[in-house]
Structure formats: structure tokens, C-alpha cells
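Each of the next two complexes has subunit A plus one more chain, namely subunit B in the first and subunit C in the second.
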Partner chain A sequence: MKWKVIEKSKLPNLIGELAREYEIFAPVDRKSIGSFERLASGSEVSLDSRNTKKPPKDVFIPQTETLFTYKTGKQEVELAAPQVVIGQRVVLAVRPCDAKSFVLLDKFLSSGEYKDAYYKEKRKNTTIVGLACNHPLSTCFCTSLGGSPHGKEGLDVLLQDINDKYLIEPITERGEKLIEKFPWLKEAERADIDKAKKLSDDAEAAVKSKVSIDGVDNKLDGMFDDPIWEQICQKCLNCGICTFFCPTCCCFDVLDEDGKRIRIWDSCQFSCFTLHGSGHNPRPSGKERMRQRIMHKFNYFVKTHGESFCVGCGRCIQECPVNLDIREVVGAISALPTDKRSDND
Partner chain B sequence: MEKLEKSLREIAEKLLSEKKVDLIIGYERGTRPLRTTPCFVNKTEDVQKLIWDSSCDNNLAKYVVDRKEKVGVVAKGCDARLIAVCIAENQVPKENVIIIGVPCLGVVDRKKVESKLEEKEILEATIEGEKIKVKGEEFELLLAKNDFLCDSCLTCKHRNPPIQDVLVGEEVPELTEVNEFTEVENLEAMAAEERWNHFNGELSKCIRCYACRSVCPLCYCKTCFVDQSIPTWFGKTNDLSDTMIYHIVRALHVAGRCVDCGACSRVCPVNINLRELMKKIEKIVKERYNFKAGLSLEEAPPLGDFKSEDPQEFIK
Partner chain C sequence: MTNPYIPNLTVIRKITTENEAKDIKTFELTFKDSEAMKNFKYRCGQFAEISVFGAGECPIGIASSPMDKDAIQFTVKRVGVVTTALHNSEEGTVMGVRGPYGNGFPMERLEGRNVVIVGGGFAFTTLRSLANFILHKANREKFKDLTVIYGARNPGELIYKYDLEAWKKRDDINLNVTIDSAVPGWKGLVGFVPAVLKDVAPSSDNAIAVVCGPPIMYKFTMPVISELGFSPENVLLSFEMRMKCGIGKCGRCNIGEKFVCKDGPVFTYKEFQRMPKEY
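The block that comes next holds the complex of A and B.
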């Protein structure tokens, strides 16, 4: 399929047409907090800003989600599925790092033995339209994790801002089908594609922040009891910012409230994260909780799913209240002598 | 500033080498512009890492509770007052803490600087006297520091640590004339419904990351009521009524203890102005008990204490 272009001024028309058939989620700037929200109108969308402050994960994993409802009688319990109809969705203007997070979340939540039906249901009905980054930030390190400011992984369609227009590149069959709905879109000209290529190359070169993750997974194998965790966690406040703002962190807690079984976001940094019913907590202090976060991202996930559970979006770096920078943490682990790894084998 | 830093490092080195403390908790340069990060120094050769300027915004009193070692803590007025509260509440033995007081002319609110620059990213920043020099791709700006200070600093009446063991540099003039309750008075002037809507709007942004609790030096409870499950005091979803209970209970729990360091507002990733609620309570405590927190090492907070002259008009 040929690449298309759309003038920026026509984008609200496209969104308007899409909205007849799809639930559209896109970056909006409500109360100065950029986040992906269900669009009420095409004019609300803000595509000229940086990546959203909040990641788009809550399109698929809402912070609070009812799993089922229940009624208890004298003898019996009556269960019912939640009354939610999930229609066809389009998530618009997902940055390549966040698109990669969907690929990782798919691996984690909808492949293998255990599949998360709630996630899967939403995901299967969703078309992802990306927006390439022309201006990566100084905290971006996607290229260190196999990503790119104009990466296509996880996307059905990629938009690229080429000044007055967006270049529209179909990536998957699903993406092609979406574009076919707009026969009025103009075909891209050679000059548009050349301009996009130039912007992509510039953006790639503009990602200056590099993190060396090569070999970090293996090194972490022998570091469960390493004193480094004590050092790293020293300034950590154990708040939930890094995990809540992480596009891939998806740990949850389950609770019953008013006849509803609900799941809510949880954070490995919280003191009651793995608190057992017995009162025992295998992760009693910040040290173990910090280790859990780093191990999960750069060791466990690599072993189970073949790559790191981090996309290099830099949100945790921007938001951490004490400037605990994950690039430094990975850098410090990477800099340790390699003989460390067999210490505890 | 360089002079102050030099003096700070000398003090830290002396405390460590004379074994008066095992650890110095201060600030070092962070990884981002206008960003410093808490720094833990236990070797004299590392004191060179220590810095001091108006980007030292973290409240280091947070790191004082629950330590086995003797520590020297770099403390602004607000930090020193919070250490004093922790000592008065028997959370830290006085002999385990040396307060290295630093007179402070206010810390820079990065969010204010960022919003001034809108979409432009700051790549480099230095604070030079009264100016903040920010640089980015194709721009360089000189900003007046006083226009970008944290709100809590604008009305701070204890820029010099009221309690300290050693002072770095010289005292700075206090803001004696400023009305610290203007924001609260604006809230009080609102009609009840308007005020309700205002708080609804602010608190509906909350994502329950608990950074406001985690950063607060006074939130030292072994198990926070948020984390208790037997019984569960309130829901943990981001339902507005539950969120409100969390913030209101936390505000009440720091009544008569909060010194308005502003850390809760500064760290809030969704920019909730939590200070408003705290400041209102601070005003009530001041009016009813004529009490201001963090000015004494002995006096218990009024809500944790009883005096026969306490107002008790509710007993009829």
C-alpha cells in the first residue's frame, strides 16, 4: 500500500470520521497533565507536545478495573461479568517507545500459559497509530533498548510530522484497513518521504543518552545478595512514581469492594507489595524492593521473554522526586567487575 | 555560593574525621538540569561531592529517622525544623544528629521554570547569584531566580535554621512582613460549594502514588493507615471519595507538625497543590494553640499533648 499524507488542518476531520466507528484514545492535555484519554472531540487532541507525562498503558490496564461483580446470599454466591462493552478502538499518536511497551506487555500478559483476558480483549480490538519523535528529550534512551524515535514495532500505522503535514505509513494489514477508510487521503510524494527520512535520521542522532545493557542480565544473575542494592536504595523514598509512570510496569493488587472484585495498580516499591497474609514480607525493606524492580526489568524478563522490560522512555528519570536515575543504576551494575556474577552461584 | 560550599565541605570533613558523625547527608549534583540529589558521604575524601545552591530542594530530614549511625545533616530552615519535630516526637535521639544549618533564600521550583519555557527542553542550567541561566537547543535565557522560587519559600519565615548545631556561612534576612496565609484566606473567602469544587478538581488528579506521603519526614509511621488491611480504613482505588479521605487524614495527621516545607507539592507528579490543605490546618493550629511547629526540641505538637489552657469550648 502506498504511503499517504494529511495536512495538519485536516486531522480533526479524520478524527471526526474515525470517531463514528471507533473509540479514540489520544494524548490530551487535561489539567496540564498529558495523558491518553478517550477523545470527546477531535479538537482536544494535542499532538504538538512532547510525549505524554502519563504512559498510555491505562488504555489497556486502567488504574482501577472491575473484574467481576458478586452477590452473596445465605447459601450461594452469584457472580457476574462486568457490564462493559469494549468496542473497536484506535489509540492515536503513540510514541515508538510506548508502542514497544505494548509489544512487551503482550508478551507478559497475553502469551504463554497464563493470559490476561481483560487486557487481551481490549488489545485485540485496538489499532495503534504511532507518531514518530522528531525531537527526543535528553532523558530518552530508547535506542539503547533496541528502539528508535521512529521505530515501528508494535504499531499498525506510523504518522510522522513533516512540518505542515503528517506522513502516513501503513505497517500492518490492520493499519492498511484503517487507512483504506479514508480514500480522500492524498498519496505521499517523493519529497514528503525524503523529508521524513531526514527527520528520522536527525532524531535518531539526537538520542544522546546511552545506557549499556549488554551483559547486564547475566551479571544480575549473581547479584541477588550484592551490597549494591543497599547503596542504590539509600535515597529512594519508596513512592510509586517510577512504576506508575512506567509504560511497562503492570503489577496489580486485587481487592473486593461493594460487591465488586477490583484490581488496581500496585507498585513493587510499596511496603505492602508482597506482604503475605501471615505477616511475613519477603521484601521487607527498600533494598529488596529496589532489587525487585531492577531484576524484573533487566534480568527476569530477559530470561522469560528475551528482552528487557524497559523501553527507555525516560519517564521515571523525569518524575523521580530524588533523581534516582535508572540510567545510573544500570550503568553502575554494568560497571561492576564481571567476576561478581558467579559469587553467589 | 562557592564560599558556602567550601565551608560546608570543611565542616563535613571535620565532623567525619573527628568521628563526631558516621555519615553526612547532603546534596550532590543530579543528572538533570536544576536537579540535585541526596548524597550520603561516609568518607572524608567524598566530601567534595557535597554542594549547596538553590536547587537543593529535597528535604533531607526524611533520612534521619530509623538510622543506627550518627549523622550530620545539611539542613535548610524547613529541614532543620522537621528534624526538630522528629526529635521532639522521640523518633531520633538528639545526640545522633548534628544539624548542619544552611541559611536559605528559597529553592527553585523546576516546574515553574519548565512551564515558563513551555515545550523547550532545558539542557543546562546554572544558578548564579540572583539569576538562573538556562540553556537549551538554540536558546539561552537569564531568569530572575526570585520569580521561580517554590511557593512555600515565598512566605517562609525561617530562612535561617532556628535550630542547628553548626551554621554554614552567615545568616540571611528573614521575611518578617510577609503574610503566609494569603492562599488560605483566598480559600476561606470562597463559597463552600466553590471550595468543594476546587478541592474536587485538585484531588481528582491524584493517582495514589503516595509520593506526598513518602517524601514527608513526618510520615514515619511503621505502618501507614493506607497500608493497613485489618481493618481496611478506606478504599485503595482512585475513586475520588477514597482519594479525599487519604489526603484529609494525612493532612490531619500532620496538623501542628507540618512546617510547610512544600515537599509534598513539589513531588506531586500531577501537580496537586497539597500545601493549601496543610496551610489551612497550620493556620487553625496557630489560631487555636498559638503554636508553630519545629521551633523547639522539646515541645510536643499540640494535638499530641494536653494543656489545661487548651481551647475546649466544645465542652458545654
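The block that comes next holds the complex of A and C.
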């Protein structure tokens, strides 16, 4: 399929047409933070801002989600599972790093003996339209994790801002089908594609911060008892904002509230996360919780799913109240001499 | 698509108070749907998520034996929100159960061998399931000698007294019940589980040891187990962790890359030795 272009002024029309058939989620600036929300109108979309503060994970894993409802009578209980997806959905303007987070979340939530029915159902009915980054931020490090400002992994369609227009590149069959719904879209000209290529190259070069991730997983194998965790956790407040804004962090708590069994985002940075009923806690201090976060992202997930559980979006760096920088943490681990490894076996 | 988060509805058929402190009770549940009961096929050592609607859900080891076909049992200590709500429930209350979860004990490895069960405190629940399974007349000859060492703080804290009485009368089980320190009227063994294990000294020859207890018990029991000659792959441990989903998704029960809920809760001592020390 040929690449298309759309003039920026026409975008609200396209969104309006889409909205007749799809539920549309896109970056908006409601509630004073950029987040992906169900669109009320096409003009609400905010594509000019940099990446949203809140990642798009809540399109698939809402911050609170009803698993089922219950009605309790004297001797009876009635359960009802909610309809997970009403219709087809489109998520618009997902940045390539966030799109990759969906691929990683699929590996975790939609795989194994038990599949997360709520996540999987939503993923199945959702088309992902990406938006390439022309202006990466200083905190971006997607290229260190196999991503790129114009990466296509996890996307069905990729849009790229080429000044007055968006270039529209179909990536999957599902993406092609979506584009086919708009026969009025103009075909891209050579000049449009060249311009996009130039912008992509510039953007790739603009991702200045590099983290040396190679071999970090192996090195972490022998570092469970390393003094580094004690050092790194010193300034951490265990506020959990890094996990809250992380596009891949998906741990949750389950509880009952007002006739509903709900799940709600939770964080490995909280002490009660692992607190046993007996009072025993296997991760009693910040040291263990910091270690869990880093180990999970750069060692455990590599072992179980073949790659790091981080996409380099940099949100945890931007939002950390004490400037804890995951690049520095990984860098410090990477810089440790290999002979420091104490083999657990 | 099957939705693993939706529980089956069950009814509390019987509640048995297990200890003097009255904070450990056994709940016997029957499924409202007989198909669901048939589909709930479990092995010893597995657990399930129990729902008290309005209070929430918690993971509890299955205390009944898979040979008990008409009901399942859970022995629950009152510690938190859900377990307190459960303790306040009456017979006839409708509860949710989903599962069974976890790997359970590798029964095929236990068959044809001597089995040594070592338990302390109220962690004895899944071990009781295992003992009753082995002692069932349809199974007994599949296993060789059965030795049980079970300890509690004091006689009042021993659970399953009715089972212990019944087992005592049998000649195909070597039962050793101990309490931590002597009290008037107690005629049985006195001493901590590791010490009693040392005295009983079950042979490690063609034997598998199954150990479950509080962390402190593991600490002192494992050296004795090793001294008796059990190789690490012939020792099975069953772990506890805080869990929510029971199916490896909520992210809190991991030790290293292993989720206790789905990769465990049963690990060999050999696996355990390779795990990070975070439990």
C-alpha cells in the first residue's frame, strides 16, 4: 500500500469520521497533565506536545478496572462480568517507545498458562496509530533499548509530522484497512517521504543519551547482594511515581468496593506491596524495593521474556522528585568490573 | 475467552475451629455448580483464591485431599481483612473459589518412595492434604513408609487433632507430634521440629522429604535434613508469599524471576538454593 499524507487542518475531519466507527483514545491536555483519554471531539487532540506525562497503558490497563460485580443476598450471590470492550478502538498518536511497551505487555499479560482476559480483549480490538518523534527530549533513551524515535514495533500505522502535513505509513494489514477507510487521503509524494526521512535521521541523532545495556542482564545475575542497592536507594523516597508513569509497569492490587471486584495499579516501591499477613516482609526497605524494580526490568524479564522491560521513554527520570535517573543506575551497573560478580550457583 | 478472575460460587458446609486460640478454622466448601466441582481437579500442595464478597480475596492452600470428592477444605488463620471476614462467616454463606493454582507436590516423584513430612505451626495444611492422600486406601500401596513430624507451640495450637487421633491408630504411618515446651498433661514429644527430626532420624534412602513451616523452621531444619543425607533435589519446600491474582500477573510474589504463585509454591531445596535470598 502506498503511503499517504493528510494536511494538518484536515485531521479533525479524519478523527470525526473515525469516531463514527471507533472509540478513539488520543493525547489530550485535560486535568493539566497530558494523558490518553477517550476523545469527546477531534479538536481536543493535542499532537504538538511532546510525549504525554501519563503513558497510554491505561487504555488497556485502566488505573482502576472492574473485574466483575457481585450482589450479595442472604443465601445467594450473583456475579456479573462486565463487557470488556464495547466496540473497536483506535489509539491515536502513540509514540514509538510507548508502542513498544504494548509489545512487552503482550509478552507478559497475554502469554503463559493464564492470559489476562481484560487486557487481551482490549488489545485484540484496538488499532494503534503511532506518531514519530521529531524532537526527542533530553531524557529520551529509546535507542539504547532497541527502539527509535520513528520505530514501528507495536504500531499498525505510523504518522509523522512533516511541517504542514502528516505522512501516513501503513505498517500492518490492520493499519492498511484503517487507512482504506479514507479514500480521500492524498498519496505521499517523493518530497514528503524524503522530508520524513531527513527528520527521522535528525531525531535519531538527537537522542543523545546512551545507556550501555549490553551484558547488564548477565551482570545483574551476580549482583543480588551487591552493596550498590544500598547506595542507589539512599535518596529514593519510595513514592512510586516511577512505576506509576512507567509504560510497562503493570502490577496491580485486587480489592472489593461497592459491589465490585476491582483491580487498581499498585507499585513494588510500596512497603505493603509484599507485606505478609504474619507481619513478615521479604522486601522491608527501600534497598530491596529498588533492587526489585531494576532487577525486574533488566534481569528477570530478560530471563523470562527475552528482552528488557524498559522502553527508554524517560518518564521515570522526568517525574522523579529526587532526580533519580535510571540511566545512571544502569550505567553504574554496566561500569562495574565483571570480576566483581559473585556467582550465586 | 476464559476469564481466570471470575470465581466459582461455593457454600460453606461446615466450619471447624482448629485451635484453642480460635483463630484457625477449617472451612469446608461445596460448589454450587456440580460441574465446577468436577472441573476443580487439584493435587496436594496447590492453593486457591478464596473470595469473601465485599471483603476481597486471598490465596489459601488446599487442606483437603484430592480423594475427597464432594467438598474442598481450607484452613485459615485470622490475620487480615479477608480472613477476618471469613472467620465471621457462618455455615451456609456463599463464597467464591478460583483455582486450583500453583504446581503442587510432584506426586509422581513421591510414588514408590518413602515420604518424610516435616511441618510446623499452621503451615501444616497442605502437608495434611498430602498425608491424607497417601493414607487413602486407593493410594497407600503406591507409597512406601510415611513418616510425619509435626510440631506446634503448645497442645492447644495443634490443628487437625481428629486426623492426628485417627493416624495414631494406624500402623502404616510413623507419626511424631511435638510441642515446643512441656506443659502439664502433655504426654507426647517435647522439642522443636528440627530436634525431633534429628531424634526420629528417618532414613534418606529412597526417600523424599516434604517440609513446610515458618521461615525460622526452615533455617534450623535444613541442616538436619542435609545431615540425614537427603540430597537437595529430594527435599521439597512449600513457600508462602503475599499474592493477589494467583496467576502470575499482579507482580508481587516473585523470588527472582520465579513467581511463587505459578512456578511454585513448591520448590526443591536445590532450586531454592539457586534463588535469590528474598522470601
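Definition applied: the second predicted complex is superposed on the first by the 333 of 345 C-alpha atoms of A that agree within 3 Å, B and C clash if a C-alpha of one lies under 4 Å from a C-alpha of the other, contacts with A are read in each partner's own complex, and residues count from 1 in each chain.
The definition used in the following text is that contacts are C-beta pairs under 8 Å (C-beta built on N, C-alpha and C of every residue); 3 or more make two chains touch, one makes a residue touch a chain.
These numbers come from a predicted model, not from an experiment.
By the touch criterion defined above, A:321 lies against subunit B but remains apart from subunit C after alignment on the C-alpha atoms of chain A.
In the superposition on chain A, A:77 makes contact with subunit C only, not with subunit B. Contact with both subunit B and subunit C is seen for A:255 once the two complexes are overlaid on the shared chain. Of the two partner chains placed by the overlay, only subunit C lies in contact with A:68; subunit B stays clear of it. Look at A:299: by the touch rule set out above, it reaches subunit C but stays clear of subunit B.
Once chain A of one complex is fitted onto chain A of the other, the partner contacts of A:150 are absent, as it touches neither subunit B nor subunit C. Comparing the two interfaces of subunit A, the one with subunit B and the one with subunit C have residues 253, 255 in common. By the touch criterion given at the top, residues 30-32, 35-38, 40, 58, 62-63, 115, 119, 121, 123, 201, 205, 207-211, 213-215, 223-224, 227, 229, 232, 235-239, 266-267, 269-271 of subunit B touch subunit A in their complex. If you check the complex, the residues on subunit A that touch subunit C are 67-68, 70, 72, 75-77, 79, 81, 108-109, 112-118, 120-121, 224-225, 250-256, 261, 263, 266, 268, 273-278, 280, 282-283, 288, 292, 295-296, 299-301, 303-304, 344-345. Within the complex formed with subunit B, the residues of subunit A that make contact are 31-33, 48-50, 53-54, 63-64, 135, 137-139, 234-235, 237-241, 244-245, 253, 255, 257, 262, 264-265, 267, 270-272, 317-319, 321-325, 327-328.
Interface residues of subunit C facing subunit A in the complex, by the touch rule stated above, are 1-7, 9, 51, 53-57, 77, 79-80, 83, 92, 94, 96, 214-215, 240-242, 244-245, 247-257, 262, 274, 276-279.
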